[in-house]
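Each of the next two complexes has chain A plus one other chain: chain B in the first, chain C in the second.
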Partner chain A sequence: MIATFSSATDLPPISAPDIEYSLLAPVFIIAGVAVLGVIVEAFWPRSSRFLVQAGLAVVGIVAAFADTIWVFTDLDKLDGSRLARGQVAAEGALAVDGPGVFAWGILLIFGFLSMLLFAERRLEGGLSGFTGRAADAPGSASEAEAIKHRVEHTEVFPLALFALVGMMLFATSNDLLTMFVALEVLSLPLYLLCGLARRRRLMSQEAALKYFLLGAFSSVFFLYGIALTYGYAGSFRLSDIDVAVTNRTGGENMLLAATALMAVGLLFKIGAVPFHTWTPDVYQGAPTPVTAFMAAGTKAAAFLALLRVFFVAFGGSSWDWRPIIVAVAIITMFLGAVVSISQTDVKRMLAYSSIAHAGFLLVGFVGAYAGAKDSSRITSTSSILFYLTVYGVSSIGAFAVVTLVRDSGGETTHLSKWAGLGKTSPVLAGSFALFMLSFAGIPLTGGFIGKWTVFSAAWSGGFWWLVVIGVLVSALAAYFYVRVIVLMFFTEPVGEGPTVAVPSVLTTTVLAVAVIATLGLGIIPGPLLDLAQHAGAFVR
Partner chain B sequence: MFDLQWLLIAIPLASGLGLLVWGKEGDRFGHLIGTAASALSFLFGVVLFASLLGKDGEDRSQSTKLFTWIDAGSFHVDMGFTFDQLSGLFVLLITGVGTLIHVYSIGYMAHDERRRRFFAFLNIFIAAMLTLVLASDYLVLFLGWEGVGLASYLLIGFWQHKDSAAAAAKKAFVVNRVGDLGMATGIMLMFSEFGTSSIHAVNGAITGASGSVATALGLLLLLGACGKSAQVPLQSWLLDAMEGPTPVSALIHAATMVTAGVYLVVRSHGIFDASEAARTAVIVVGLVTLLAGAWIGCAKDDIKKALAGSTMSQIGYMMLAAGLGPAGYAFAIFHLITHGFFKANMFLGAGSVMHGMDDDVEMRHYGGLRTFMPITFATFGLGYLAIIGVPPFAGFWSKDKIIEAAFGENFWVGLGALLGAGVTAFYMTRLMIMTFLSEKRWREGVHPHESPRVMTWPLIGLAVLSALGGVLLVSNWITEWLEPITGHAEHEELAVPAIVLTLIITVVVAIGVVAAVAFYRREPIAVETPADSSVSIFARAGRHELYGNELNDAIVVRPTRHLTRFLVWFDGKGVDGFVTGVADRLGDTSQFLRKPQTGYVRSYALTMFGGVAVLVLALLAVTLA
Partner chain C sequence: MNEYITLSLILFTIGSVGVLVRRNAIVVFMCIELMLNATNLAFVSFSRQNGNLDGQVAAFFVMVVAAAEVVVGLSIIVSIYRARRSASVDEASLLKS
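== the complex of A and B ==
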């Protein structure tokens, strides 16, 4: 008895995990505000709840962003290495490094802009673009009643913030379990948000269900990939996996299967072919502000996770996975660009354009150009960070335009209704045209520099022929984007033509920021490129 | 003062953008502002050029850096411009001819309700074209290159209510993207090889690079040049581009933009000097286009298309000269300038004829216009004498020099160029006879009349330039002026004295003229176009633009269309939804799309699962193979 007792006292003391609170503060701020939002939801009076929730979300994001800047500038002090900056934090669960914190920054910017779109209430006669009571059957009497009493779902703000937390964790997770949890944290609120559209509710609910089913399906592959990876490397830590992969500890087939399955889960989130099928349906069905948030945020977070897993954990076997990713990149670019030609719905068109952009981003990824000591050529990581910024901002801007072109049934997304938009509303059509030109990669827009940088990274990585294909496909895609511009400016409107709602200051701000950023990053991309280049490599 | 050269670009750009955003109130004087902007830019260009003349040879390249465009590590591009002997000449050509065409357009577009917008596009074009020629970095040049492409696209499709115009614009855009592909890849190659895309640095560093790099760069730039300058095999868009308003054809598709390819080759002389293979490719492209364009010019009955064929052919001459290396660069530019004068002159003349003939372009409906449009006839006649190369008009000097240089390179190349001169004389004489000289074949209700003064004055101005352009060659001024840029060339010794060759050329030209007169004066010209079956196989091929469109269709368009259909079908988005270009077609398509559009999750999941299987198997196969 005594012996047992004494052995019990010999147990090592449970040590509290060592959390670097100051380093992780941006994540904590967003998570805290999200939880606070849930409490507000329970206790705050309904009449002013919407404004409180919106204000809370915006203030939280701004505070987190300010803190992110501080963290980013402080990174240098932590690590002596020239290429990588930052450190592994939270007992190895998170890697707070240059690219990760840069991603936090852009995710918070996307979140900020999306929250402004979420909060827009002028377009629906004083109500938000989300359904009043999601539980009501579409078209039922209780729905009509909810509208009459001006009921609103204010949970959308905490939900979006939870998704944002997931995205931030996804971009910085340093072990596969954390990454999986982050993936689910980011996905679940988004599934819900997708189903909350005020108009065309059936379509919206269908989109949510589809997204959920297919998302769950892809998560399974991801999880299975994690399991196989663990079987191969005996650890969830990316750096441990790297060691195992580099030393080739045997069981090659298991490693290959693990790589492929992990890739599936990540390629699904970025919308690469053949895991893209959900994209058009979900983008079309989801409430447009949510689509904007997803298009910009999910893609950015998932790309960071993809880079981290494949550069850090599977970096040693890059010659195995590169050919496959090359093929995926080519098919993705090509299919996205070609199929967008036949689209007649603006949101679906933007969805296919987002698929094509995933392909261009993959080109930069495949280059896997990590930079060299003596040269400061743009690396794959920084080129992708830059591209994601430009693409995210322009696409939030484009979706903001979509929310404003309306008819009696809400947003009118059919392309034919957009004919002649340039006559009725030149400023709006002009900004949409600018976003299209940026997507097409025409010089003096951010999109051009973005394409330029990813292609240049791929070229430095030795994939010159892939760059040629990329340039060819972007030429093909440009044809389509320009066609939309022609439609808006040079085609006579059909019928009475589109009406353009006058937005409040919120949407106007989003549009202004997007236009300025798209142009600004095209004319003087230097500072941001420098910042992206300064972010350096991933820490291990 | 040269630090302010960006003003050359900024003035028309500001005017163009201003006119675009200006409301209806701008309609009354928008055209005047547009013209004034172009004229202002021209005057400033003259001032700069004059001060360049006053400098010593070494100081004549004046660069200025506006700001740093891209700066991330070694990724460094300056928004910089260079005003030197070559770009100076171009600035004068672009703004000078451009201003005359602006003036002309005031009359030509007087009844178009969107005249303000037309002038805005013209201004933007001028700004983009100036960016192209002043750029001191290939990436900045590319910016202008895309800009002129966009302006050209907008202006070809300006009369968008015509389906043919919209289709032509689209075609020009697509074909030009193929050329742009060459440009973009070329610039990428420069970056990876030399770490810079500065024109000066690349052309300086090329001698240290391997020959294959120079050849690859040369061929890529040539592809870009072919797209912009409508050279074989990317020639097909130029004839369709004649759907645009005639001043556009004169400015963009004759005098300036289409010569950008020649400019590019001359500007990149370092690259082409370093690669024999690339130069040979330029010569071949130039020679083939020269003959093909002339052939097409012989067969077209549409006055603008006949002139477009002739433009192709003349640019072929310039390309050929540019491909000859230092011996030809200066003559390529010389011919480019004289061609800019006389071809703009003739296009505007054709516009004047159309103006008097109710916008009919069919030469078979013309005839006998000499007495009804005396000024147009006289100015067009001067252009005609210039293009066929009758001494002492401008074209004689420039073409003579190119043919001479071609003989210096290779006998057969020279012979091809000589033959082209004869054919040029033939088709231009045919055009003159059918339009101005032969009997009247007007349709009913047409009352030809001379155009208003605002249109004839620019014609007179250009006619004078067409007649006197040859003075640039007095005591070899142009070759010496450009020598610091193009390098010095030893004079090639020909088998026969130069004067004998000149005589031979003149005789060949005379034969061409006589043949055309004999052919078209013998019997009255039919009002109806003879059916394809009743003309010779040569005429038939020429009419069909040597089957270039059919060829493109067979090897590019149709396979692409099938591929798109397949992909669309494959993607579960069904329907025959390809190319829904016109908005009113979209309504029908959507109804159809809506039904199968609600794609089933199970099929999506199956696609994903298939993808997973393929991915895993491929990974295993690639690695274990």
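== the complex of A and C ==
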């Protein structure tokens, strides 16, 4: 076998790959706009560059979203034991299927809302929330000069778009090599974006350093897991790995090691315990618009990749990985809920809340309920898609509120400063309260329906006891969220209290969309649930 | 064949121990690069074992990704160094609960 490659003349001819451009157009649009952004960065005059970059990013995302809708309605329906739509594209590198295209849609929505937050310039007196010149040391004379000349980093828009491309590829990658490249494409711009805050720059740089070192460390584990999987199955293609795993062709130990190492990389990205320690630090230190983008987007993309790897490639060995994931789900929910109670910083508290949500999502994931042909019960994949939509929109809204509560030093994130916010600005505090209620899973909010769907999928998968634990932990977590609401509405403000900045139409739009979506998905969840259920299973 | 895989595992372990015990961000980053190279060795060895070229192609991809990671990582570490005159990961401790 090895002798096949002994001389160059024996190699088979290389044929040109066949790329389905029309199916992959949303990804190409975002990638193209990102590259265009880099060119604009080089050639456009500085005075009007910010508006051009922001406009380009928003228009690109809207165009890609419109195309995503078209791709979704046009997906082929596959005959099989269960509903699946779509096809494997780009020579097997990508799976453009129902869940993948649904994820494109929600990622683009998160990207759109985040770009509006990125472009907000009224809060810092006409400048964006990103540092003017990242190369200057904080507090140095050159930094003061950069502020004086009103320099701005407009690269943030192309960087965020590159991250968005990575997320979209990560959610649809059908072989492990593509998945690794997508993981890095989504991570590298985010590492940089984390270090670009205008205020509290030392903390922001520290967040970038921590995120980078830990992120690179975890992605190497993911990569070694890929290497071992390749050694076991002889291929990177998820469907080939599935065949090898189902037939148990190789050594059991190697498969277990490969599964564990890949799980480390993916669980790090979704922020599950015990790989969660980066989450609070990075969420707190990063510029708030970036935190919003990261919280919603990375989690959605990484969950899709996790589902795809474990349902498609390692589906045949689910008895090996399920017990571990069950344990991870329980401690993630519990730790996220308990530790958020002791937090005094709003951004850290939202970070722990995001950890707890990763736990609830994992409950839906271990259920691994794939559905039956004529059953209308919601599958694990569909329930997670719905939950990710609700969670992402609410958390972007919550972080948008954080950008508006300020004092002289920028955002004031200490919880004690938020006391009495409900009296000074009832609308803002009311919308934050709504997001808190949605996180807690109170009925008539999207969070309730989301929790109900993941628990129902886990129940269908036979994990009723895990659902009981999940409901108990939700009750525990609700205590904390309600405490924040009490603090905002029924506590007297301490001293001066925070000032609430008047945002431009951009942040107002984000808040309005988040409030409407959170309420709307709670009161009439039907259409989106149908859409998620309609997405069907992963194609192989 | 097993010797190469064992060597790759040893290199990977040295790298991960280095990440955990070393305190200078540059050295930590070098340990991560060592782990990436250990992975490349595993890819190439498995490629020969499996008798297909996928693993060797993967090694090229990993090299490119590692190069991109160096650019991003060093820029972050240099900016931290300029601000603090130190690249120690212990001194970067403003963010705590």
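Here is the rule we go by: the second predicted complex is superposed on the first by the 519 of 540 C-alpha atoms of A that agree within 3 Å, B and C clash if a C-alpha of one lies under 4 Å from a C-alpha of the other, contacts with A are read in each partner's own complex, and residues count from 1 in each chain.
Here, a residue touches a chain if its C-beta (ideal position, glycine included) is under 8 Å from a C-beta of that chain, and two chains touch if they have at least 3 such contacts.
Computed from a prediction, not measured in an experiment: that's the story for all the values here.
Participant: After lining up the shared chain so the two structures overlap, which partner does A:65 touch, if you call chain B first and chain C second: first, second, both or neither?
Facilitator: Neither: A:65 stays clear of chain B and chain C.
Participant: Contact-wise, after the overlay, does A:217 reach chain B, chain C, both or neither (first, second, both, neither)?
Facilitator: both
Participant: If you stack the two complexes on chain A, which partner ends up touching A:314: first (chain B), second (chain C), both, or neither?
Facilitator: In the superposition, A:314 touches no partner, neither chain B nor chain C.
Participant: Pick one for A:138: touches chain B only (first), chain C only (second), both, or neither.
Facilitator: The answer is second: A:138 touches chain C but not chain B.
Participant: Considering only touches as defined above, state whether A:195 meets chain B (first), chain C (second), both or neither.
Facilitator: Once the two structures are laid over each other on A, A:195 reaches chain C alone.
Participant: Comparing chain C with chain B, which touches more residues belonging to chain A?
Facilitator: B
Participant: Looking at the overlay, what does A:293 touch: chain B (first), chain C (second), both, or neither?
Facilitator: Neither chain B nor chain C is touched by A:293.
Participant: Could you look at A:234 and tell me whether it touches chain B, chain C, both or neither (first, second, both, neither)?
Facilitator: Only chain C; A:234 stays clear of chain B.
Participant: Please indicate which partner A:439 is in contact with in the superposed arrangement: first for chain B, second for chain C, both, or neither.
Facilitator: Neither chain B nor chain C is touched by A:439.
Participant: Please work out whether A:206 is in contact with chain B alone, chain C alone, both, or neither, and reply first, second, both or neither.
Facilitator: both
Participant: Report, in rising order, the residues of chain A that make contact with chain B in one complex and with chain C in the other.
Facilitator: In chain A, residues 206, 209-210, 213, 217, 280-281, 339, 342, 345 are touched by chain B and also by chain C.
Participant: Provide the residue numbers of chain B that touch chain A in the complex, in ascending order.
Facilitator: 21, 67-75, 139, 142-143, 146-147, 150, 153, 157, 160, 166, 170, 173-174, 177-178, 180-181, 184-185, 188-189, 191-192, 195, 563-564, 567-568, 571-573, 577-584, 586-587, 589-590, 593, 598-599, 601, 603-605, 607-608, 610-612, 614-616, 618-620, 622-624
Participant: Show which residues of chain A lie in contact with chain B when the two form their complex.
Facilitator: That would be residues 206, 209-210, 213-214, 217-218, 221, 252-253, 256-257, 259-261, 263-264, 268, 273-275, 277-278, 280-281, 320-321, 323-324, 327-328, 334-335, 338-339, 341-342, 344-345, 375-378, 382, 414-416, 419, 426, 442-444, 449, 453, 455-456, 459-460, 464, 467-468, 471-472, 475-476, 478-479, 482-483, 486-487, 490-491, 494, 523-526, 529-530, 532-533 of chain A.
Participant: Which residues of chain A touch chain C once you look at their complex with the stated criterion?
Facilitator: Interface residues on the chain A side: 1-2, 4-5, 134-135, 137-138, 177, 180-181, 184, 188, 191-192, 195, 201-203, 205-210, 212-213, 216-217, 220, 223-224, 226-228, 230-231, 234-236, 280-281, 284-285, 339, 342-343, 345, 348.
Participant: Could you list, by residue number, the parts of chain C that touch chain A in their complex?
Facilitator: Result: residues 5, 12, 15-16, 19, 25, 28-29, 32, 35-36, 38-39, 42-43, 45-55, 57-58, 61-62, 65, 68-69, 72-73, 75-77, 79-80, 82-84, 89, 92-95, 97 of chain C touch chain A.
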